[in-house]
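Down below are the structures I want you to see.
Heads up, the next two complexes both have subunit A, just with different partners, subunit B and then subunit C.
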Partner chain A sequence: MKRRGTNLLEREGARSVLASVISIVIGMLVGSLLILAMGLFNSGLSLASAWDGIRLVFGGLFSTGRSASGTLTWGFNPTSIGNMLFRATPLIMTGLSVAVAFKTGLFNIGAPGQYLMGTAASLMIALGIPTETVPAGLVWLLAFLGGALAGALWGAIPGMLKAFLNINEVLACIMTNWIAANLVTWAFDGSQYRNLVENTKSAYIYKTSYNGVATSKLGLDLIFPNSQVNGGIIIAIVLAVLVYILMTKTTLGYELKACGSNRHAARYAGINDKRNIVLSMAIAGALSGIAASLYYLSGNTEFFWSTYQSLPATGFNGIPVALLAVNHPIGVIFTGCFMSMLDIVGLQLTNLTAYNEYITDVIISVIVYLSAFSLVIKMLLTKRSKRNRTAAGTTESAPEKAADAVHTEKGGESA
Partner chain B sequence: MTFLIQQTLIYAIPLMIVALAGVYAERSGIINLALEGIMIFGAFVGVLFVNLTQQAGTFDAAKAAGDWVALQGFELLAMLAAAVMGAIFSLLLSFASVNLKADQTIGGTALNLMAPALVLFLIRIIANQNTLQMYSGDAASWFMIKKSLFGYGRNDEMGFLGSTFIDKVYLATYICILLFVILSIILYKTRFGLRLRSCGENPQAADSLGINVYKMRYIGTTISGALAGMGGFVYALTTANCASTGDVAGFGFLALAVMIFGNWKPLNIAGASLLFGLFKCIAAAYSSIDINGDGVFLLAEIGISPHFYRMLPYLITLIVLAFTSKKSRAPKAEGIPYDKGQR
Partner chain C sequence: MQAENIIEMLHITKEFPGIIANDDITLQLRRGEIHALLGENGAGKSTLMSVLFGLYQPEKGEIRKNGQVVKINDPNDATALGIGMVHQHFKLIDVFTVLDNIILGAETTKLGFLQKQEARKKVQALSERYGLKVDLDAKVEDITVGMQQRVEILKMLYRDNEILIFDEPTAVLTPQEIDELMDIMREFAKEGKSILFISHKLNEIMAVSDRVTVLRKGKYVGTVDTKDTDKQALSNMMVGRPVQLEVVKDPAQPGEVVLSVEELTVPSHLHKRNAVNRVSFAARAGEILCIAGIDGNGQSELVYGLTGLEKASHGKVTLCGRDISHASIRRRGENMSHIPEDRHKHGLILDFTLEQNLVLQKYREPRFQHMGFINQGAVRQYAQQLIEQYDVRSGQGPITVARSMSGGNQQKAIIAREVDRDLPLIVAVQPTRGLDVGAIEYIHSQLVAERDKGKAVLLVSLELDEVMSLSDRILVMYEGEIVGELDPRTTTVQELGLYMAGAKRMGKEAERS
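Moving on to the complex of A and B:
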């Protein structure tokens, strides 16, 4: 029985959303405080610039630049919103990747590596198959699938190490990340894919549009003119729904979650825990690989191939996206958009003020920090409301109590 | 050979001290995944300290007079500053994981995200670029110990030992070795060390004997933060010419791997970090390593891609972990928040 409490806070979903919103607000406040402190204590910055910075942190999406007199102007900015959707695409995918692994009790910090392998595979396919002989649409599809496959294989490695050799997946993921960064650099170093036409750009790969391969815009560019948005966001949303169906409505999803809740109990119940751990990491890897495919197949993005010293932030940012959404696939769509909005905010800050885009990374890290114990806080909330209820409702009939217990159990699992 | 040993030490020592930082945290029961972040933060604080002190001109006279003892003191002060701020930064982790019983992996990840973001944000505003360097001069001219300081001339020979361990070295390296030895003894041979370790193995039993588990975990993580912060600055000083870029190239994670490979035991960790230091050194300087001094750069002439050498430390880590993971024994209670009411 689904209990519809008159008090909104008694509902599990509402509590999750509330916890996330609180995290977001605190994160943004910390960012604002940092800006304020800089404005106060740095002689090169004025208090007015700090105020501009803080306003941009909260409303950067609706900024339209500065007027001739130098004050910030605000309004509906379709370009920013379109770009937000475009940047949200890979974040939603890496967020899904981390969320799926979390449901199986694994912390997929290997998303950056899987993302890089996906990048390499899709770029090589998209640029390597000549579109004179093969239709561009087919090349796009092959590149998309290739990216997913490469990510899946790369994700399966830490999965196998975890399942069969009991190596901590966090450590294995971190090592495979750096191995991927070196492998990808190695693969592109000296290859035919390097952009040698525009010689102002060193260490970049051709855009896929060089070979005539690009994601269809699906008319979205008409709604959001001058932005990079394309059909990728639709694909990401569809995939998020598919993941939701997979995790909640199928046997496989049930088995994955069972392994996450208690690996030993799952094995006792006849579930092949090793296979499920590998499978979960492979699915997570595929989602990260797709993130890269959707981003780089857009046709207007370039890949910096000499990447052996750095890992893509998109991969790491999948972690806050998933945490904020409490690992709910549909929630990931919204938190992904929120994270990319922070990206836009960072751009606006760099362009319009003396502050820079790293403030948004600070905000993200504060949010992750808070989400580390938001589960705990939520548990406390649950406990308290339960205690209140048992204290008030001793006259409640027994069957209702039993139903109640089932419900709270369910709530505990989804938390 | 001298070059190889010196370079290996330069990479091995930060690894060693940061791996010990990991040991202190995990022995007390807290997984410190934030080592990387704390290193980044410590490196930044140390470099900033050097930069600001130089700007204030405090040690200009000593530098001009060639008073190298004072300059070594300056280096130690910077290390201390990095250690103190590293410890303070790590309080964020201990607060979340001890008081709030939060997920330590996520908390550590948060710190790992926070450190580079915060550091880069500040560096960009302070220096208007993505790197914070020394205010004047370079690390070698200010802090490096050279044979000229001991009265040797440019062409004088110091012998193998002298030229390897006294010429062109940093005091920080030896301080770290000394600290490593002292702290290892404390962890294993003192009452405090035993109590700390008991909190990572069976906190309930420790509590029943009157040990304050929360306090012990705070102490363990704080020592861990101090060591990691210092290690971060030592890394920046010896390998990056005392510059902070919001990045330590995955050294904190490598230190975690060293710790696991070393089975949470100091002596094994020292050996493991030397091994990894060697691989790191090969990756960084394979083209100029002349093993037997005959003018043949063997590793460069084999013709293996430099990317392979760069990948090697991580690849070896994975392979080594694959072989040792069955035997490895982590502290039993690590990662589990201590709850007094739990049985």
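Moving on to the complex of A and C:
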């Protein structure tokens, strides 16, 4: 107890945060190295431009462009921050989706499919109900709830397959992803929602603002002028807090986590494990569906409906967002913002230097790889702090942990 | 001249973060003796043996063989020094044959090809010489636990080990097999091999060992000659206070039937036959009814069938006058608490904290939740009360993660939770498995106290001592059927053993078969 303050590495939470930070820093360093290498070996680029690029990788969010003399200028950039928050909104939601499933012992790789189903449901409701007769606010709410419900139903399918037929949820999720992609394409194909007004846009759906439906800005546009930010980010943050409360403070969260940590013990205690598996996949699916609702109901986003050959990256990016946050719902808010910040960095690189946004794709992919390793990094940190402690010869506290080490041969019969 | 002590472990200190597992322990093993190492769970026996076997490096102290200081960095060094170990959980490869397991890691090869014939001859010779009957070509997964242990012993002999460590070797054996093992150990000692025998079963230590070294909480208590001591003295040394070895209880006063089972049949996952075949019995209030039998004769499945963890294919179960044959686990739990066989699989959620585990069935009660929100304060308070009342020890009290607790305290936590549910029937499956004398004493007294309060206790146990001393009535299970009902006051361990081995059946049954 006493040591808590003195040695941060002793704390589980601190180790998790540190492991994630290490993954992030390594990712950004790899990006910087790439920029440096290109700067050095490409005759068209100079070391100075490489330096600009590297500075943008780390501080792109606070870049305000270039001065007349051509040097980068820095400062508070409300547009960038606002756009970051806007892009973070769906990532936070899919991150929550994956995190909730993880907490209950399931790997929800079905977020893209749930996201697509949420997209389709939201758009059809938002564009299908005439706002001349129904208030736009109500249409928005219906579309939002419709997206959540569609995602929940789509998530419940792999949940049911897992609970009743013991089919691995990863396989079922991957298959339902592609079923969703084809289903959505088929549903929009030939529908009245295709944007035929602007003939430059093929295979796009109308923006919901076409029907007068858009998420309220809630005054955020005053703080972050010229950005796409809207009330969605606030809804996402509120939902993250609600998920946190659900998982830690309620009997339902207790049951879900019990099933996730030890299905046998949960069953032994009389908890209905099958119901809880379906339920946790449905909750995860609803969160992914909401991700889509919040993104497409903004009023200024367009959906490319001919999606049968691709799955939305936002769904998959929920996985690194959740992993980096160590599945902590509140942590997801920050890691979601971080991932969208990298998007902004990519834009700034394209706008201000000879480099482009693909650098940030590299960074994101390195972090995605490393975030899977963040558990390994965490283990290394645990080992390190243990070794330090043994070397220092401190022997107070935590006797049971070591006693357990003594007992490992004795009690390790179960898996 | 050879030194009298073949192995000396002098002033061994081994620390783990936060605890000194071995604190200045000295152990001297004489040539040709059987030396027992006695201590409670967590006393440091396994750590000390792991140091000797090269799995851990001590911070202080030295190990000598024949008076020479040796350094044992890993199990290969230990093997080279002639030290062999039979682990409590066997280290065998299930899909390999017995012979392959024995030679694994010490294969004789010629030009990279295995020379199994030579190995086979050597193993056969050893097996005959010591009466260690094994089928060399059987796969390990198909042979009995007793035979698996003989395979482990042959592994040590095959490597010409002269110092043999047995870690709790009798835990998995039948009484007859235990006797055989004791004979084999005596035979080894006669030939000059030296044996370290880790146990907390006092009967066996008294029967087979020459000397006993006692450890307590990581410290050396003393070494005594077995012939100069007795069970009571040893257990007092081990626990550090006078211990009640015998279960003290008044004769049972059975009341009305609490649980009645008629023709219960539970299918097996392992074979086509039924694991439990048409079993009928009744348990009454105020008695401890024991289901005895060798492991794997359907006892576990019987409990699964009763508690609802598995579906029965036939039969009727009545609990407190209610037919629960098809009831959910939760509904059955309204009148039945269950101390499960596998405390890690069923008993605890290891990643949950102690307080979360203590309310595993109770979290839905109004005092612990309001509108679905858990009342953390009430949970904490309840956990603290149970921890105090049942003396559950842990590093951080209610917020200790269950995984980090010692086995004995994990079990105490389960007992506390289940006994405190205060239900008419307690199903206790091997409640003292792997626990030390102090904890066993405690758990036994708890079960007797519950009986005296008028609860029906259904005890499933593999430990004969426990069966004989704790129960008021014994049912013996063999191959999924109840083959005998015995009265512990009039029966003997030998008779019980015959029923358990299937050699004897109740009169009527014998005629039928």
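In this section, the second predicted complex is superposed on the first by the 361 of 415 C-alpha atoms of A that agree within 3 Å, B and C clash if a C-alpha of one lies under 4 Å from a C-alpha of the other, contacts with A are read in each partner's own complex, and residues count from 1 in each chain.
As a convention for this text, a contact is a pair of C-beta atoms (placed from the backbone, for glycine too) under 8 Å apart; a residue touches a chain by one contact, two chains touch by 3 or more.
Quick caveat, the model's predicted, so the values are computed rather than measured.
Of the two partner chains placed by superposition, only subunit C is touched by A:S261; subunit B is not.
In the superposition on chain A, A:T133 makes contact with neither subunit B nor subunit C. Of the two partner chains, neither subunit B nor subunit C is touched by A:S43.
By the touch criterion stated above, A:T250 is placed in contact with subunit C alone, subunit B being left untouched. By the touch criterion defined above, A:G270 lies against subunit C but remains apart from subunit B after alignment on the C-alpha atoms of chain A. Legend: residue contacts after superposition of the two complexes on their common chain; A:S67 is shown touching neither subunit B nor subunit C.
Note for the complex: subunit C touches subunit A at residues 15-21, 41-42, 44, 46-47, 87-89, 167, 307, 309, 328-333, 338, 340, 342-352, 356, 360-361, 363-364, 369, 372-374, 376, 393-396, 400, 403-407, 409-410, 434. Subunit A meets subunit B in the complex at residues 34, 38, 42, 44-45, 107, 109, 161, 165-168, 170-172, 174-176, 178-179, 182-183, 185-186, 189, 308-310, 316, 319-320, 323, 354-356, 358-359, 361-362, 364-366, 368-369, 371-373, 375-376. Subunit B contributes residues 33, 92, 96, 100-103, 105-107, 109-111, 113-114, 116-118, 120-121, 124-125, 247, 249-250, 253, 256-257, 260, 305, 307-308, 310-311, 314-315, 317-318, 321-322, 325-326 to its touches with subunit A in the complex. Subunit A contributes residues 1, 249-252, 254, 257-258, 261-262, 264-272, 386, 389-390, 393, 395-407, 409-415 to its touches with subunit C in the complex.
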